[in-house]
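These notes open a run of structures that come right after.
In what follows, chain A forms one complex with chain B and a second complex with chain C.
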Partner chain A sequence: MELPASVTGGLGLLGNKAHFATPAAGVALTKAAVSVLLKVTTEAEAVDGEAALKGVDRATLKQAYAALVSLLLEAAKHNKTEADVKAALEDAKVSEDRAGPIAAVYAAEIVELRTVLSSTGFGFPHVVDADWRLDYYMKDNQLEKVNQPVYLIRLKTEQNGGKGPDVQFSASLEELQDLVNTLKDASRNLKPVSI
Partner chain B sequence: MEEVDNIIIVSLRSIGCDIPDDVASIKAFSTDIVVDGAATALATINEKYKFPRRLPNEMSARFRICTNMANACKELGYADDIGYHQFLYSNESEVRKLFMWLVEKLPRESSDATAEPTGVSAVLNKAITDELEYRAEAPWTLPVAKRSGYARRVATIPGPTPKSPPTYVPHQQWEGLRGVHRLHASVVVIPAGAGDVTKPLSKELRKYYAGALPYLTAQPPVRQDVAPSILEKVSAEYTAAREWEEIWNKEGMDTGLSEAEFRDRKRQFVRSKMAEYVRSSALKGDGAGFGRNDADSFASFLDSFSDRGLRNAKGSRFTHAEKFQFTQDEGAAAAVADTEEELRKRREEELRALQERLDALSAEVDRMEHEIRNFNVNTSQLESNLREEKSASATKEALYRSKVKVFELLPEADKNIELLQGLVSTSTKRLVELATKWEAVRAPLVLEYRTLKESQDGRMTESRRKLAQIKEFRESMKQIAEEARIKDELYRQLTAEYEKMTKDINRSIYTRRILEIVKNIKKQREDIDKVLIETRALQKEINHTSDVLNRTFSATDELIFKDAKKDDACRRAYKYLASLHEHCNVLIADVENTGKLLNEIRDFEEKLEQLNQQNVLPNLERITADYIQVKKENQALSAKLSGRA
Partner chain C sequence: MLIVLTDAHKEHLSFLTTVDASVVAEFANLAVEFVRVGINPKLYNAAAQKLGIAPDAIRNAVEGLMYLLVESAKLMTTEIDFHDSILTLGFSEELRQQLLQLYLDNRKEIRLILSEMTINVPSYHNLEWRLDVQLASRSLRRQTDPIVLLKLETRTQEVQQQFLQTDPAGLVHLTSVLDAALSELKSAHTRRILRNIK
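Let's look at the complex of A and B:
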């Protein structure tokens, strides 16, 4: 985990008794940062409304908050453990008794934080549903008697942020069976790999 | 036996038995410990065997539980006889045998732990198979049941021992794209230096931080951009710092400037280069300022600063805007011309007239310029002529003046020549004097100059040496840091491996014990072999002796028997011989008997010891006590029964 000087400097404020009198203030700030990142509350509620953070200089508070947010995101990005975060805090001159509880808050929320991070990205259209219809195809302009069953399949997809285009195709019974078998083969192949 | 006891106690403790710390061998096992251990071990082997770990007070209940436990052992395949008395009235050797068997039957989690793969790629493979296994078993979640594309589940991870409870880890699985958005980062500001004591923040900046600057997470205009923006900012800052450090190490150190000075100089260099370029392009330009081409070439000029060429091909947003604007303008103009034919004609006429006028004027201007150029050439020629004339007149004037003086001195030539000679000699003398004086002054100055120069040189080399040293130190610093990092990683990996391995704590005890047993067995076999050889040798000797005896006897017998018919004394001797032989036979038989009896005695002694070990007497006392208690309980029960009846 590589942090620039501005972040380590901001983290160092958390270990400074002149700025944050008690370890509880650091923990409260971390909890506030996590809840804002998880979109539970707003900064106004979480930071300004926190009793433990009353009386901290505003500029210092903002810097420490920014550094904490950066640390949490960066650590979640690299899937760091509680011990790693604690070590990073201690590198930034935060004493052990203060770094421990902050790292514990991180460890409790890492899954949620990683969820937030993984919501940025892109992917292929995702199949969410499939509709099918069986038609009996009797004749067309060229042939008087065809008389074949035809499946009409529609796959519903979703894309970044919402509904994607529907994919429609027709298939005879054999074709559909072939498709199904191919897909079954794919999912069956999971078994030998996973053992 | 102590080793066995140790292993049994360690194993029982590891499956969760409460064995007091002061119990060191099976000899010290009380009935409670025996029952507790057996019940826990049975429950660990198979979950269907669930027995209370504490015995109740009622004798009949105790009896029933112990009988059930004995039956369970039998079901699991315990070969020897087993009954309730093994648990209730235990003796050391039987308990040891039972527990050895139970410990052997315990599920082998430790063997799984040792099979745990180590190494990076093996761990990765294990993680992949684990995840696939988990996913293969996990149920599918309906799209409507997911919150913004996330299936939330709880993964169950079994505890380190079968007894300890499993841990539940929330597991989120990315399914679908409903909640996913593309990466977009906006500019954010991370405040810095608010708590710095050595370099206090400027008042204005502090005020800005405290008042107007929003919290870092509130800075991006869209909420979903928060995380990418901050991560971008952090990595950008980190990369810039790294880049600067590299430049400073490569170029800055040699200049001998301080870091701030070097930074200033670099900035000035860049600025001056840019200003120069802007000026030159403004001069070169056709008055339209920065046109499209200029912007492009400016981009290429910027490229010349960095050899990475990040800006090539793409062009900046500015240039795109520029392009867009220009093309639009042209299109608009054409549209107007197409619609208004007349206007166009008139304009064309006007344009032609103007063009003609312009041509005429420009021809005039050209002519004028030509004339001006001609005049300029003439003027410069004339000026140079004038200069030549002036210098010629000056030399002539000087010549004239000296000649006038010579003519003035001519009437008294001799006297004047002498005077002149005297003047010359005095002036030469003075010159020599001055030269000596100057030498006197010059010598120390030169010396001083030399010493100063030398010291300057020395300082330069010194500083260069020091710079080289600093560079070396930095190099080594970096190397050491790198090494430390690698070692740290290795340490972490090893600790992780170690943690995985600590599960089989008694492994070493087992191996040590096995090795010892093997050694003992070897020794014993050697001993046995020795004894066997000795026995065989003895047997041989005995056989040999008895053969010799037989032969001697028969020979003597024959000899004496022959003479016995003739001689009376011989006959008596023969009788004595026969009786001697008989008695000796009896004696041998007696010796053999004695040996057998001794063996028997030893057997009996062993048996006695075994019986003594089984502490029959105290057990008997306990049994009688229990018997009395059972009787009492029975009486109480019958009294209750009769009372109810």
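Let's look at the complex of A and C:
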């Protein structure tokens, strides 16, 4: 993994006994960084509430934290393994007994981290569900005895992790039949490639 | 259902009894044409000069015919009801048959024109789909996310395009929900209502 010097420098602090007295402090900081990335807590809560980090100098803590966040995101982005992360930490002069547990925290959360990263993507409104209603169109102010069934359809969508715009339209029996046939055709054609 | 004609309307139409059958046919064609494309007052004056009749009388007769046709088409009047409705106007049997034929020939088209004037909600027009697999993004590499891209076309006055996407599971779900909607039309309840509303 290619990491800039500022990141390796920050990671190196985790291996320095003068700053982080015990391996547990490094692990605690990694867990704090992961929970912030997964939007479980805020930085203030995660770092200040951690007893193992009480004795660490604030500026050092900040630098190491920033470096860890960069490492975690870069590793998750490229779907790196636990061994890759451990190697990157060792390259930054973190001893094996400290690098191992940090890499293990990463390995436990890789799936969650990638889910968060995928949600930062963008796309067209994602159809998640459909509502429908069946009406019988009898007459209106211009025309009597119309007497046709009419479907009203609303497609519910999601976009950027939130609710997207609803898509609403009507369809006659023939039109809905055409729509369903097209969708069935698409579903059938998808099956052989489903992963 | 019989068509109710006002006295003024009857009077306007009675003008048709005073002219030749060929002129009536001319007026009838004019009425149908005007329902289609709108009234053109210039033609009244031209016809008035040709026949030596007041333009107002011609206008009343043609527009009276238009009203008769539109009202009958709107109510989906049956052949017999249409015939009986114009019985009181003092037309000859020949003229009545002529008008009836005119009504039957144009009923479908007039209803189509009327249906375009009603409330227009976006209606389904077409759907195109495309299967993509998302491989990487700026923030995430090494993905294999299948995406079904959908181009939905709906129509109010003009065709509108909307782009949507879903995943294979979403597509299967969507298909089954809308398929269930279709089969509702075959349910006993729906069929009973459809049969009984005439």
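Simple rule for what comes next: the second predicted complex is superposed on the first by the 145 of 195 C-alpha atoms of A that agree within 3 Å, B and C clash if a C-alpha of one lies under 4 Å from a C-alpha of the other, contacts with A are read in each partner's own complex, and residues count from 1 in each chain.
Heads up, the rule we're going with is that a contact is a pair of C-beta atoms (placed from the backbone, for glycine too) under 8 Å apart; a residue touches a chain by one contact, two chains touch by 3 or more.
Because the structure is predicted, anything quoted here is derived from the model rather than measured.
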item: First (chain B), second (chain C), both or neither touched by A:E175; value: second
item: Partner chain(s) touched by A:D129 [first = chain B, second = chain C, both, neither]; value: both
item: Chain B versus chain C as contact partner of A:K145, first or second or both or neither; value: second
item: Partner chain(s) touched by A:I153 [first = chain B, second = chain C, both, neither]; value: second
item: Touching partner for A:T22 - first (chain B), second (chain C), both, neither; value: neither
item: Partner chain in contact with A:G9 - chain B first, chain C second, else both or neither; value: first
item: Touched partner set for A:K77, first chain B, second chain C, both or neither; value: both
item: Shared chain A contacts, counted only where both chain B and chain C touch the same residue; value: 77, 114, 117-118, 120-121, 123, 125-126, 128-129, 190, 193-195
item: Contacting residues of chain A [partner chain B, same complex]; value: 2-7, 9-10, 12-13, 16, 18-19, 33, 36-37, 39, 42-43, 47, 57-60, 62-63, 65-67, 69-70, 73-74, 77, 111, 114-123, 125-126, 128-129, 158-162, 164, 190-191, 193-195
item: Residues of chain A touching chain C in the complex; value: 76-79, 114, 117-118, 120-121, 123-130, 132, 134, 136, 138, 140-147, 149, 151-153, 155, 157, 167-173, 175-180, 182-184, 186-187, 189-190, 193-195
item: Residue numbers on chain C that touch chain A, as the complex places them; value: 74-76, 111, 114-115, 117-119, 121-125, 127, 129, 131, 134, 137, 139-150, 152, 154, 162-168, 170-175, 177-179, 181-182, 184-185, 190, 193-194, 197-198
item: Parts of chain B lying in touch with chain A, wherever the complex brings them together; value: 128-129, 132-133, 135-136, 143, 148-150, 169-172, 174-183, 190-196, 201, 206, 209-211, 213-218, 223-224, 226-228, 230-231, 233-235, 237-238, 240-241
